[in-house]
Amino acid sequence: LYRQLEPGAWPDQGLSPANRWICALITVAVLVALLETEPAIRVGREPWFVAFEWVVGAIFLLEYLIRAWVAVEGARYAHPVWGRLRYLGSFAAVVDLLAILPLFLGLVGMEALFMRLIRVLRILRLARLGRFSKALRELGHAVRLRQFELYVSFGLAFLVLLTSSIMLYLLEGGVQPEAFGSVLRSMWWSVATLTTVGYGDVYPVTGLGRFFAALTALSGIGIIAMPTGIMAAAFSEAMQKNRREKD
Amino acid sequence: LYRQLEPGAWPDQGLSPANRWICALITVAVLVALLETEPAIRVGREPWFVAFEWVVGAIFLLEYLIRAWVAVEGARYAHPVWGRLRYLGSFAAVVDLLAILPLFLGLVGMEALFMRLIRVLRILRLARLGRFSKALRELGHAVRLRQFELYVSFGLAFLVLLTSSIMLYLLEGGVQPEAFGSVLRSMWWSVATLTTVGYGDVYPVTGLGRFFAALTALSGIGIIAMPTGIMAAAFSEAMQKNRREKD
Amino acid sequence: LYRQLEPGAWPDQGLSPANRWICALITVAVLVALLETEPAIRVGREPWFVAFEWVVGAIFLLEYLIRAWVAVEGARYAHPVWGRLRYLGSFAAVVDLLAILPLFLGLVGMEALFMRLIRVLRILRLARLGRFSKALRELGHAVRLRQFELYVSFGLAFLVLLTSSIMLYLLEGGVQPEAFGSVLRSMWWSVATLTTVGYGDVYPVTGLGRFFAALTALSGIGIIAMPTGIMAAAFSEAMQKNRREKD
Amino acid sequence: LYRQLEPGAWPDQGLSPANRWICALITVAVLVALLETEPAIRVGREPWFVAFEWVVGAIFLLEYLIRAWVAVEGARYAHPVWGRLRYLGSFAAVVDLLAILPLFLGLVGMEALFMRLIRVLRILRLARLGRFSKALRELGHAVRLRQFELYVSFGLAFLVLLTSSIMLYLLEGGVQPEAFGSVLRSMWWSVATLTTVGYGDVYPVTGLGRFFAALTALSGIGIIAMPTGIMAAAFSEAMQKNRREKD
């Protein structure tokens, strides 16, 4: 049973059957929690959602207790009493508990939603296995190698953001106080423009404002995309290393 | 005749003259079907469209019968009776039939449109030739090599999408119930923002919502673009391999 | 004089002083023509614009005549009479003439504007010099090497465009006939979405339409960007080759 | 004291403790200046902002005087009188002075804001240290290597911008004079489209205008992104070189 539940103790690659079922159940529970927020789906089906929530809660509670029971089989929590208590105090077990608690405490509303969604975190914990954790470690290494680049490009991106916000505040602040009346407000425009999202809720209307906005858009887009480009390169490098080692 | 019609049996590179004409006719038929959906073009010209549809249908029917007749010349469908029947049951022949059927069954409206557009698929079938199919196979191989990367990046992209939807639902749901009243609804905003499409039909209006939206846009864009970036790299690698082998 | 005017005959790298002045004058003339279209700038200053146009026209006419006169010094147009006539019939000379003509024919309005802007083409002709033309040739070579990739990726991009347009037409055509009432109309939405421009003048409103639009946006963006990515790679490769040869 | 203040004189890598504190103070002062422009934050808290501004101004004045006093310890400004005067005339000292001046001259409004934001420049000056300045020099070198590519791609980008603006002016100028009534005005649309920002404040409405706009969007996006792509490649190359030299 311990080998089935503890990700690190499973001898083969990948997840054990028991953990696979738990992952699947978590995914379903998260999706149901998302659907439950939509009034058009919830209204009239509340009893079903409540029943589902109790069934899932019961299964997770059972899983939590079994995990605590078998924890002593691992080397870290070997002591029959203190080992189990120390396991219950570990980060993984606290996350598990937080994901069950709201139901039994009768919590409703936002706090409960938030805690139910903590279950997503549980998938990550279960998935933190051999190959995946190695890839993560290599990603961390690749990012650390480029940290100087990241600092410089973040600095440049922030400078571009700041400059364009200040310029648009100076040029458009008088005409559109609602949208550009402070540097903070024109930062909303700057982010929307430099990331090329461009909602169109705010945009410059004066000639000079438009000229500078066009200049910003043409020159700044590449600079804002630089940090994410460096991250993507680090990610791809780490993955290639992981692939090569696997071969 | 068989060599003209069966793509795999044509000795030279590329398509045989007969298949080229059929490809061209399919393209024209698809374009006409698209134009027919536009009321400004259709109204007053219905007889022309009907006549065109019948002429094209007749040609495709003829082609279908000839293909079934000559199928026995290939090694796979050699038997005079069963070979032909088995050919008619093959995927390629069923697609051909589906593309002709709606006309003769007197179908109209959406189903008919959908089936007429199946003709686009026929081009793919005819084009599935030497070099093209080799490129496809190599593309599949390149994608399989990166499947772990794809899983991880899809997971990350989904996590970013989920997190930003939940945050915006919590922050803006109360002020704009129509746009952010459920996690599903705020996912529409998340997709529009993280892909940088930014229609501008929904956007945060509260200060905290805007702050988090800006953070999401700045950090999440690169993560959402990662799966497509990996696919593009796989495509480019497969094409280069294909090119090198050709030289 | 011939050496000054004929780009290919100038012994040094770059442009001769005379051609530099002409390039500068063309740039100024084009910018003035652009400014002239703005009513806020034109109104009240028409005489100045007309005078400028006549002065520039006179200079370009003079240049045209001198070019025709000295053309015989080159090997291609060596004959005193036929050489000059053949020069006047060459593509370069016709472009030069078209750029002068509208003024002397008293043309006004759009045709005149269009022809005056032909002057931009003249810069290209003058610039078609040693290093630049070599870079262009290498760009052409790099593109030709990738023509198969370009075909495949254009085909994929067109397929994605078509599929998403047809789906949105089927899903949203009934609710928003103005925006999605035909496949042609929903193509306008498709292009705006897949290029991530996202004006926001048309967007899906039904649940299913939004779901499919989100799917399209997430998966299709990388595919639409593939042809331009291949072109950019070809451009960068050609430039690097050009740089290496220069060293 | 001199070693603490003069970035170049600090023996270790990175910034001296004194300069770190000054950098932090500048950052805080800049952020406060940004927040002060927001009426919702400023109103009712003016005395606090004024007090903060005076305290910061006093610290910066003190720093300015100490820097001038200890400047003589460096080789460049060794002379007790002329050295200090020459230091005060140096670019760095003038920037420092400009950042303090507005407070003591009683300036208010935009000029004062602009000058207070000059402080951002001061961070750059302090940060212009060993490794950072080497990275900058290498970035400059990498850009210079690619200057020909940059010229060509800027030229192409400008041509695409010009062509699409002229076409949309010709096709849409009659229907929407406010948005496309001159080439300058339709340039605003062109920039918003080609950078994929797409605010949606202006967009073509005629069939032909939309057709051409779609064509522009599909073909032009890659070309507009080329200069920034070249810059990003140069940046990444310079950073890699810097990293390799550090190892």
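The chains carry the letters A, B, C and D, assigned in the order they are written, with residues numbered from 1 in each.
The rule is short, and it goes like this: contacts are C-beta pairs under 8 Å (C-beta built on N, C-alpha and C of every residue); 3 or more make two chains touch, one makes a residue touch a chain.
Everything quoted here is computed from the prediction, not taken from an experiment.
Chain A maps onto chain D through a rotation of 90°, based on Cα atoms and reported in steps of 5.
Comparing the chain pairs B-C and B-D, the larger number of C-beta pairs in contact belongs to B-C.
Matching C-D against the pairs in B-D, A-C or A-D identifies A-D as its interface repeat (over half of contact pairs the same by residue number). With centres computed as the average of Cα coordinates, no chain lies farther from chain A than C. Although chain A and chain B carry the same sequence, what matters here is overlap: shared residue numbers make up under half of all numbers found at their interface. Centres computed as Cα averages put chain B at a distance of 31 Å from chain C.
Work out the mean CA point of chain B and of chain D, and you get 44 Å between them. Contact of a single residue of chain B with at least two other chains is seen at positions 192, 196-200, 225, 229.
Chain B makes touch with chain D in their complex at residues 196-200. Across the interface of their complex, chain C is touched by residues 145-146, 148-149, 152-153, 159, 162, 166, 169-170, 181-185, 192-193, 196-200, 203, 210, 214, 217-219, 221-223, 225-226, 229-230, 233 of chain D.
Across the complex, chain C is touched by residues 34-35, 37-39, 41, 110, 113-114, 117, 120, 131-132, 135, 157, 187-188, 191-192, 195-201, 224-225, 227-229, 231-232, 235-236, 239, 242-243 of chain B.
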